[in-house]
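You will see subunit A twice below: alongside subunit B first, and alongside subunit C after that.
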Partner chain A sequence: MPRNTLLFRLQLAFTVAVCAFLVAPVVLSMLAGVTVNYFDGINSGLTLRWIIEVWSGYRDTLFLSIGIALACVGLCLLLGVPAAYALARGRSRWTRLVEELLVMPVAVPGLATALGLITTYGALGDFRTSWTFILVGHVLFTLPFMVRSVAAVLAAIDLKTLEEGAASLGAGFVRRFFDIVLPNCRSGILAGALMVVTLSMGEFNMTWLLHTPFTKTLPVGLADAYASLRLEIGSAYTLIFFAVIVPLLLAMQALARPRKSRLAIDLNRPATDSP
Partner chain B sequence: MRREERLPMLMLLPAAAFFAAFFILPMGRLFAIGGAGSTGWRAYAAIATDARYLRALLATLGVATATTVATLIVSGVCGVFLQRQRFPGRAALVAMLTLPLAFPGVVVGFMVIMLAGRQGLIGRITEALTGDRMVFAYSLAGLFMGYVYFSIPRTILTIMAAAEKLDPRLEEAARSLGASAWQVVRDVILPGLRPAFISAGAICFATAVGAFGTAFTLAARIEVLPMVIYTEFTLSANIAMAAALSFVLGAVTWLVLALARSAAGSTVAAAG
Partner chain C sequence: MTQAPASLSITLQACAKTFDDGTRVLEPLDLSIAAGETLVLLGPSGCGKTTTLRIVAGLERPDAGGRVLFDGDDVTALDIAQRNVGMVFQSYALFPNMSVAENVGYGLRVRRTPAAERTARVREMLAMMRIEALADRKVDQLSGGQRQRVALARALAVRPRALLLDEPLTALDAKLREALRTEISALLRRLHITSVYVTHDQAEAMALGDRIVVMSHGRVEQIGSPREIYQRPASRFVADFIGAMNRLPGRMLAGAFHCSGGSIAWPQGPERAQEILFRPEHVRIAESEAVADLRGTVSATFFLGDRSRVLVDIGDDRTVTLEGAMRRPLRPGERLGLRIDAQDLLTF
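So, the complex of A and B:
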């Protein structure tokens, strides 16, 4: 289709309008976070006051979220990489069932998962008030992304031949796993880890029910601020969240670019993450 | 060789054990608790018999349907356009359209407030134009806007990936046979994108049905099912009802995704 047709212009205008719809509120909220009084507009002056206020009052939520996200990646690696390997090696009815089951916490609303965890483990010692309670929920939700990311990479190589070759040279199972399987799924692990961190940092549906006054994560703090504090403080808080999450997103996109056709597929994975 | 085959299966054990303890078991318990309230197993029917729950269910399904339709139309137009055309600034447009990909629902709710809230952009513009401040963030319309905002980036990526795989020769053939632009869209492009539309649409729908963060940020007054579950659990301490409703909600979203997967064939698994 030539570029100067009416149809091209209409489509371009429409796409630009959609872009404006998505980007305008981001820009507005970033501005509001550094404006003295948003209602009076930018003319009231710029200030770092709101950001400093959020930082002194809420920085613990940021640190807790980072801690949970890192622990979540660790657990997802320990549980997910071996699982992905098993799924790539054996293609039986059972592995398919396990694969199907593992994705369920992404399909089922976080609210339901959280209620299940609370009613089952809520009375179990200090578990309920510990940050590990939130961690369990996050691992449930992010594990499928790690498994799929690694399994996709493993499916693209001829693992069986590689392993048989190594085995014929006398390499045992452990040796093969660490010297052949793991190095081969490096890119999948990296992409999966970035995805897990991003999802964990932003998880709210489950976390809102799982958290306690002592275990507030970043999105929980955000919801608090939106509900009870002035717009400028909510905006400043959001600005801090953007500062953490946007670099993660850019890293994910940069990582996906060489395998261009896979970009959409990989990035689309958190699709059932509910707002 | 038997042992060689069994070892990989053992690698599934850690994940399976974790999953059984923290998902299967809690979900089973949730199901049992749902039937252990004052109304017994009838709690599971309450979603259809109790007027308030039924209204919330219908509102939820309505918003989810509207979200899915709007998102598919918008993303279909933008996605095919961006995949087909090469022009300066295209990469920037794609980057901007995928920017909100990592925003959680609470933040999306706040974005809706920035647009359509009391101090929002739309309110300012309409006040300047008509003298009336248009504010709709704290209603079902605001929720709809938030879900569309949330779903567009994901859906555009799915559509772009699917449009990339369409064979341009089919369109050329159709055109050379005298098909109009609209006929090409209807008879060649849309059928080619069908699996992507089904899978992305199912994900939009399931997302909008089960979502909680956006509604929570916008207003507690929006009576969609997740909000009703939340108030039953926290304010009314009606844990059995909350359990029954959330179990039903989980079953609905899971079913929608499973149906879409079988309807669109294996491509859905690959795309989402």
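So, the complex of A and C:
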């Protein structure tokens, strides 16, 4: 498209305006976290004071959130991938029912799920006060995302025939699952895992009800900070959140990148070699 | 080249298949496949040919009472992973997460074949199918014909006792289909491996099969060599399904079959014959209308290169098709006399 037409200029201006509208709050919030006094603006000078204050006061919530997110993604992998496989293989009325039921925790407000958990298991003292109570809530909420994203990939490949092909070559069920099924739904597993980590790290609704003073997660601490402390502290908290979640997500992507397959056959090696 | 020490004979005894919803897709079937034989299961879709193959493979269990024997041993209860048969699928079923060489070597990996032996065998298979250059390619970088070569190499790499092919050429275009058909035919003869080949394409069946099983609606219509099936079809269905057929209604009268356009002398013709069938290549053009069996008007001609196909309108909305090398070009509207020998007539 020619760059000098009026239409192009208008479109460019519109795009820039929309971007500015979306990006400005993020930038301002990040700046607020390192400004001496937000109400005096950036002229009051930059400081790391708020970040240090948050770090000393709230770093436990950060570690707890990461811990819960990782445990959550682990459980979702263990439960969700086999579940998605079972749903993909057995197409009957029952599997469709299960598929629908599985999204209920997403449709039902988090507060309602949390209340349900508390009324049912709240009396189990140690469980109620431990971080695993929050973990259970998070798994309930995130599992559908893992199952859906893996199931979508499995539905796109002809899984049945691929497995029959592997079986005809002598591969039993376990072998097929690890050699054929898992590698071919890698992209779905990665998408699901990223989603689960992100959702778990940021989950507030349910966690707000499930937490105890000793099991505060990052978003709960953030709400505390915004509600009862200075705006600068809340913003510094957000900065730290970004600093943690972005590398974490990048690391997960790197981890899931395909490497040289362990099934590789090196045809360039002389065939007469003994192993 | 080394193949399995001895080829396998396969026997099906009273193998029927009823699906969970109660549909009978295969009536009880008895079938013996000799060692080294190529048997083609031929029929329209839904005739039970693929189900039969899947029962041989171990991907389906026959209904209670059915038995599958490999060299006389009952393998009915074994699943496909334990039967040591090679299988080639219509959709190829190559593993997208593996390269061509990894695909071909997978069966050997599963069998824990030592790496060096595996590499040698993979290389041998790739050479046999003339796809060495593709060894490191991913499956999604291959054409349909290349995929099917990889699938064949993969199935044969484990030295299976039998090779089972489920419409392997159906997904390919016509020219490639013919080339690969010739190649598969030569391969099966050379390896002398027991093979079962499923297709709905009669030309493929004729070219490949030592014997053909024609199936329809879950039943066997006829089993025989390609020549037998073509020349002596056992039922109207087989006659219709294999090759082109002329079909004329009429009745027998004094040693001749009377129908639209005239009558055909048929001294041995059964009195109850209501309809005759004959092939287009068995129809000849008479010297004159006076000595003809049937008379009519040319309605259309098609030049096919090595031969011509002529449609002759014999009245009452009936058309006879004839095929062959025409001595002179025929024009639509021309009157024509036709002759058909009694020995070429069929009735059911």
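Methods note: the second predicted complex is superposed on the first by the 225 of 275 C-alpha atoms of A that agree within 3 Å, B and C clash if a C-alpha of one lies under 4 Å from a C-alpha of the other, contacts with A are read in each partner's own complex, and residues count from 1 in each chain.
Note that a contact is a pair of C-beta atoms (placed from the backbone, for glycine too) under 8 Å apart; a residue touches a chain by one contact, two chains touch by 3 or more.
Because the structure is a prediction, the values reported are computed rather than measured.
With both structures placed on the common chain, the touch criterion links A:Leu169 to subunit C but leaves subunit B unconnected.
When the two complexes are overlaid on their common chain A, residue A:Phe141 makes contact with neither subunit B nor subunit C. After overlaying the two complexes on the shared chain, residue contacts for A:Asn184 are found with subunit C alone; subunit B is out of touch.
By the touch criterion defined above, A:Cys19 lies against subunit B but remains apart from subunit C after alignment on the C-alpha atoms of chain A. Of the two partner chains placed around the shared chain by superposition, subunit C is the only one that A:Ile157 touches, whereas subunit B remains out of contact.
Contact with subunit B, but none with subunit C, is seen for A:Gly80 once the two complexes are overlaid on the shared chain.
Overlap of the subunit B and subunit C interfaces on subunit A comprises residues 167, 261, 263-265, 267, 269, 271-275.
Every residue of subunit A that touches subunit B in the complex is listed here, in rising order: 1, 3, 7-8, 11-12, 14-16, 18-19, 21-26, 28-29, 32, 38-39, 78-80, 82-83, 85-87, 89-90, 94-95, 98, 101-102, 104-105, 107-113, 115-117, 119-121, 136, 139-140, 143, 147, 167, 173, 198, 202-205, 208-209, 219, 222-223, 226-227, 231, 234-235, 238, 241, 245-246, 248-249, 253, 261, 263-265, 267-275.
Residues 57, 59, 79-82, 84-87, 89, 91, 93-99, 101-102, 105-107, 109-111, 114-116, 118-120, 122-123, 135-136, 154-155, 158, 164 of subunit C are the ones that touch subunit A when the two sit in their complex. Those residues of subunit B lying in contact with subunit A across their complex are 4-5, 7-12, 14-16, 18-19, 22-27, 29-30, 33, 74, 77-78, 81-82, 84-85, 87, 93, 95-115, 119, 121, 146-147, 149-150, 152-154, 157-158, 160-161, 164-165, 181, 200, 203, 206-207, 209-214, 216-217, 226, 229-230, 233, 239, 242-243, 246-247, 249-250, 253-254, 257, 270-272. Interface residues of subunit A facing subunit C in the complex, by the touch rule stated above, are 157-158, 161-162, 164-172, 175, 179-180, 183-184, 186, 261, 263-267, 269, 271-275.
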